[in-house]
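Each of the next two complexes has chain A plus one more chain, namely chain B in the first and chain C in the second.
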Partner chain A sequence: MRQAKDRAEETDESPRIGVFICHCGHNIAGYLDVPALVESARALPGVVWAGDHLFTCSDAGLAEIRAAIARHRLNRVVVASCTPRTHEPLFQAACEEAGLNRYLFELVNIRDQCSWVHMNDRELATAKARDLIRMGVARAALLEPLSEAELPVQPEAAIIGGGMAGMTAALSLARRGFAVTLIEREPELGGILRHLDRLYPTMVDARELVARRVAEVREQANIEVLTSATVQAVKGYIGNYELTVRSRQFGPEMELPVRAGVIIVATGAQEFKPFGLFGYGDDPRVLTQQELERLLAESNLPSPISNLVMIQCVGARDETHPYCGRICCLTAMKNAMRLKERDPHTEVYLLYRDIEVHGTHFEDYYAQARDLGVIFTRYTPDAPPQVADGRVLVYDELLGMRLSIPYDLLVLSTPPVPAAGARELARLLKVPVDEYGFFLEAHVKLRPLDFATDGIYLCGSAHWPAHLDEAISQALGAAARATTILSREQVRSSGAVARVEESLCRGCERCAQACEFGAIEFVELERAGVLYRPGPSLGQKIARVNPVLCKGCGACAVVCPTGALQASHFTSRQVTTMIQAAMGH
Partner chain B sequence: MKEVLVLGGGIAGIQAALDLAEQGVRVHLVERTPSLGGRMAQLDKTFPTNDCSTCILSPKMVDCARHPNIVLHTCSELQAVAGEAGAFQVRVLQHPRYVDEERCTGCGECALKCPRKVPDAFNLGLSQRRAIYLYFPQAVPLVMTIDPEQCTYLLRGKCGLCRQVCPAGAIDFEQKERELTLEVGAIIVATGYDFYDPTPLSQYGYRRYPNVLTALEFERLISASGPTGGHLRRPSDSRPARRIGFVQCTGSRHVRHNRYCSTVCCVHSTKEAVLAWEHDPETRSYIFYTDLRGSGKGFREYMDRAAREYQVTFVHGRVAQIVEEDDHNPVIKYEEAATSRPQRMTVDLAVLATSLVPARDAPRVAQILGIELDEFGFVRVDPFAPTDTSRPGVLACGCCLGPADIPQSVAQASAAAARAAEWVLG
Partner chain C sequence: MDNLPKIIAFACNWCSYAGADLAGVSRIQYPPSTRVIRVMCSGRVSPMFILEALRAGADGVLVTGCHPGDCHYISGNEKAVHNIELARSLLALLGIEPERLRLEWISAAEGARFAQVVKEFTEQIRQLGANELQAAGDRQP
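Entry: the complex of A and B
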């Protein structure tokens, strides 16, 4: 590991702080008195320049930061604006371009934590912003330049999940020449499509398509497939992950190490099984859509069927799953049309709440289903369908009447839910899931395929129920995102990590127990000739931090009894100063 | 050849360009307007998180402009394409800005002095700009542009005030069209969409009644960088609009207009209603819908929360007509599905959730590129390789493929980048 070259800031030089206050259009300036904030910032100790801008993150705003650094010889920069989550890297880059170490930058959040939550009291909100800025400036004065490590990248990918999404991502990466390990839990590749009949709206045979794609994967020399395989452990970090995979592919269960620079999660989703609803589980005439489709695919449906009723939104848009399942309306229409093609005399009723057929081509598909004679009946949640004695009772909102429909088969459309084991995998990868257990992306709008953890990506229904074309797009997209890492020789770690003051370390190992990321190891003190007095002696074990694994959370610093461990970008002194500034000292 | 052409500088084009540039591919990003940003730049906030659109878009635009592997060509259009996948020869026409991009700092002195006022297209004509103007406040590149159809100097050789006041000496009336020839291995189409003009739906009175707006006009009105600085005033009398009716499926799911569903409008109207409430908690919004659609991540929960906490009422029923009462108050006439009875509701402001339609120049672009369009005029792609057009080496993403929300567009953009990279690096 090579240390990135340190920029030669003179940290003992007295602070020359520049403060930039952002209007964020209306978001801040609409609720806070920005000119007053600029005035008060100007009077703070160490501040040599303060100004405001409509959008500090715009080209013009960033140019102003760079210009002010040069003009006023600023050695610390404070921006009071929005959230560091999206904007800190941008401002840090501007500082760096002007020759300032990126860690000499401080972002004060006066939008999400101030203007947005105190929209109704301009005066008090402005006073709070003034406090926040004072705290930020106080901390800025104590910031130190930090350096980042450069790490080599293993040009290989591990893809978890061998359905259409995982196979598509694997093929794209393999065509680019990267080695891929494709890890599939089942004995065969193919995922959910192996059990489907047709695909909407093309009506292409699902099993034929999947067989072609599996063959392509098998022929690709760059892809190694592990089936009957699950991930047991994940170690490492961006550029250098090491997975332990347990597989029964070659007979007896064995554990295999898999090295990868990046990981793509493509574990899909599964159909919700609605036990206890509408007699599912008790009455053999009650099926889910996927169970019906399997019978269709295998030509195992009883004949003839005179009446078949489908109920949409079973276990969806309710307390258990408040979301819309996205794919269920189209799945139901597809199966309904297959039933009509099979036997035009079968009456198919489709009871729905809102027909979800967005986009350009699905509306025509809906029309086709109606033309084939599928009967669509809208119900509302106030009067949901009920089942009694082989009949479905439902109030048709549009007709304004109660209908009683007999059925030979009752088919329940249930929403996709996260795949079994998704939460466990999330725990191993240390990535988040949402309230339902779907994997949670880094940003809902602009980073749909990334995790917040560097080097891990996601695609397909593991993220959210997706149509097949969407899952394929996301898979190719995740491959592109992964390639932005794989195509480099090196990546940089953060400088904001824990560090050890070796002279204070007693080797008690409490920090290692507190570290969630396995970033601390204990090594024998080896630097002969260095005599700490008082301090550890030669050969004693002391803590050492792996800067790549460390996320800078500070948990180690909290438990360290001697103060040897410090979060380097959030030192005790920096935090204490902020508290004092908040209290007006 | 490690170069790719990306057509369109909206969020899809930006994402595709960044993903390629980060892999070491040199990207020519061609944008028709004077700035990156596309439609997303016109939005105030985004559903379902209410993230400020500019705030999340601006860093991406800046990243694009700063990236050493991305060459920006604004005010530029595709002229011709020859060759084949792996080795295309592309001609791009760059229209003159009459402002030197290298010198202009975007300070705006010129626009203060320019005497010629014209409707501001970025704000859909709801405000005025000058003949020399900044496309929008966060434009990238942050450079002024002269509108040659409005500038008195360019039209009649008189005025030239901007040249006199420009402290950077950036005004250049002599600038000419430039034709660039690029050699690229692949082309990504990300030319976006337009909104349907609802004037032919005369029963809704758009353009006839001042308080009937389109969803995008409403978005500009409620935006901090919009014509009213984010204060929701209705056009007829500048009074606050506190009772708002949203007319869904304006032009969509309609046999005579656009048969398809425009995908984003149900959640988009919900968002606009939520924003209106956030500006003024006295606001009551009514959304008249056919089917309430929102199956993206967090969308349904967002709509449920709007109903629970933001005084948004969803009314199942298609709007038949809008008439006007005294005071220019629109009256929405609709059939209430629950009772099958005709009903009417008087509102301060009616907002038409208009269809997303192919960009106006989509047919021309498709013809130059030699790619097929679908029956609606969107770019046709392979359903099992959903960014591959009918011509090898030409990929497409975002709303030129049909209506899509932002995360879909972004995912497709990354996908197109992956396919393009396979052509140039594979």
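Entry: the complex of A and C
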């Protein structure tokens, strides 16, 4: 093992640590006694050189790090400056250029978490920075060089869900020259738009729009479409996923392997069917918005309709679905306007709790609906509308009156809920869903289109009810994110992953139970037991970590009763040493 | 402990450490009592680390992680809850006040909350006084 050999070679040497303390202009030096910090750093065990710099991240600062590594034969570098979240890669690269493994670098945060938050107490802030540097140096002495596996990338994408979001992402990638397999559960592409009439706020024809997009997909040579198809299994990792897809596209059900370097989830959402509410399911005059829209699109509505009542927030913002459905206000307004256009004599009542329209376009749309004569009536959740004998009884908040409205049709606005099978797909992909079953991104702001699992992305209403323009933007974004992987020949996995000290492993499998990523498997010990005495015997099952699947969270190291599982770069020894250093030991 | 307690604070890389950075970027002032140790996940914080911190002389231990459902590693923060409960029962056995250990969820967007948590916890530890283990001189290298 190259990795093991490297580690042995480099750690046999005693630590020669260089400490670089950054002024960050005035940001650090203005609030901390930097010369005193340099003095105390010089006295720390293992430190052979310490100095300060106006801006360590400048070209001159980085050059000084590289020069010092050579001049003082440094085998560990500590920079005390800002946050590793922004600057660690930069300093690591400088170390690497000077021939030092990037994992032998430690960044101590004396700005964001010290000088900037203790601006009024120079003495105590300097004392804290001194502790932080002592902790960083103590950890640095125990850092080990780690190696990163290089993985080839299969330049193909699998996109799950053939609605507008999935098709848009597929086209975007295909036009950049990548092969795409588009997997759709229904017999036809198009998703929810196939059943819609018009699209707010432009009132373009939904089915025309989607038909055009389907045609583009069908004409695109780089896209292979699998319909009537569901994902059955997912194996592999970033660059090399392998999906098993079951399809009835060609008649009899068959299982097809799909290889992909990246996966995009675009499974959309579906309308909640409110059985048991307001007579839905019993009274044929009670419909959902989508059912009404389908009748509008197919011109199958009964004529004439003199009274139509819509109720908003049915099954939404309550215990079952505490969230706002987001698209329902605009959908109701759209269908109400279509009804008014179709027959101005139709009275349309829209009973709402709150109107959620944002931005200028949608606010205008609301005004248009009012101008067309749609009657908006506000109710409160403690006095919800009631249905009896073909009439809706509702207490109008604003009028302070109880109204009794007869209806020919009663239309219920219900929130989108995750597509059927979303939870099962999440389980196969090992990606999270939120409490309602919508797919959950890696970070709401920093990585809104990524999953925490590398090489898997999401877009559209699979994530959260999205307006069509948002779904399309997200699809283009997810395709761009996917391209950052597909355009490379290789990706590097992190070196900071779990490892097993085989001589300590008893094969209890607690680590594997704690691992969310399936990164630990148990293999029979093949080498003779004499290697480890006392230790596991020949044929005993011991843990082995797949460094490509491991995310380095360290959960396995916590549950391991013998210390066989160690989280590299965050080993128990490294953490414990920092604790002791913090206390001045 | 003088007047300022010493607190070991574990912060997960993805949420709480970022929240602590945001407090800095926003220049929100809080007491210089904490010594932050960055870990990848709050689920990495072994009960042993907590005991070690108190044994080494820390007056309090703060563990911070992503809010439920936001964990970068799917369920690491749920594991943290379990680990902290375990640590608390060990503290009870050792006769250490359970209030010296605190678990908080702090997102990357909650800089003000990080500062507030440190302020409150520092005050709480100040009320408790110095950690008895430290006061008894039970310091080991």
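The rule is simple: the second predicted complex is superposed on the first by the 356 of 585 C-alpha atoms of A that agree within 3 Å, B and C clash if a C-alpha of one lies under 4 Å from a C-alpha of the other, contacts with A are read in each partner's own complex, and residues count from 1 in each chain.
Throughout what follows, a contact is a pair of C-beta atoms (placed from the backbone, for glycine too) under 8 Å apart; a residue touches a chain by one contact, two chains touch by 3 or more.
Quick caveat, the model's predicted, so the values are computed rather than measured.
Look at A:H361: by the touch rule set out above, it reaches chain B but stays clear of chain C. Contacts of A:H443 after superposition on the shared chain: both chain B and chain C are touched. When the two structures are aligned on the shared chain, A:N109 is found in touch with chain C, with no touch to chain B.
More residues of chain A lie in touch with B than with the remaining chain of the pair chain B and chain C.
Once chain A of one complex is fitted onto chain A of the other, the partner contacts of A:A567 are limited to chain C, with no touch recorded for chain B. Applying the stated contact rule after C-alpha superposition, one finds that A:R175 touches chain B and leaves chain C untouched.
In the superposition on chain A, no contact is made by A:P45 with either chain B or chain C.
Comparing which residues of chain A touch chain B with which touch chain C, the overlap comprises 119, 434, 443-446.
Touching chain B in their complex are the following residues of chain A: 24-27, 30, 54-55, 57-60, 62-63, 82, 86-87, 89-90, 93, 119, 172, 175-177, 202, 204, 209, 317, 322-326, 354-364, 378, 380, 397-398, 400, 434, 438, 443-449, 459, 463-465, 468-470, 472-481, 483-484, 487. If you check the complex, the residues on chain B that touch chain A are 11, 15, 19, 22-24, 46, 48-49, 51-52, 54-63, 65-66, 105-106, 137-142, 223-225, 229-230, 253, 259-261, 263, 278, 291-301, 304, 316, 337-340, 374, 376, 378, 383-387, 402-404, 406-408, 410-419, 421-422, 425-426.
Against chain A, the residues of chain C that register as touching in their complex are 4, 6, 8, 13-14, 17-18, 20-21, 23-25, 27-32, 35-41, 43-46, 48-49, 52-53, 56-58, 69-76, 79, 83, 108-109, 115, 139, 141. Interface residues of chain A facing chain C in the complex, by the touch rule stated above, are 83-85, 109, 111-114, 116-121, 124-125, 127-128, 131-132, 135, 430, 432, 434-435, 440, 442-446, 452, 496, 514, 516-517, 551-555, 557-558, 567, 570, 572, 575-576, 578-580, 582-585.
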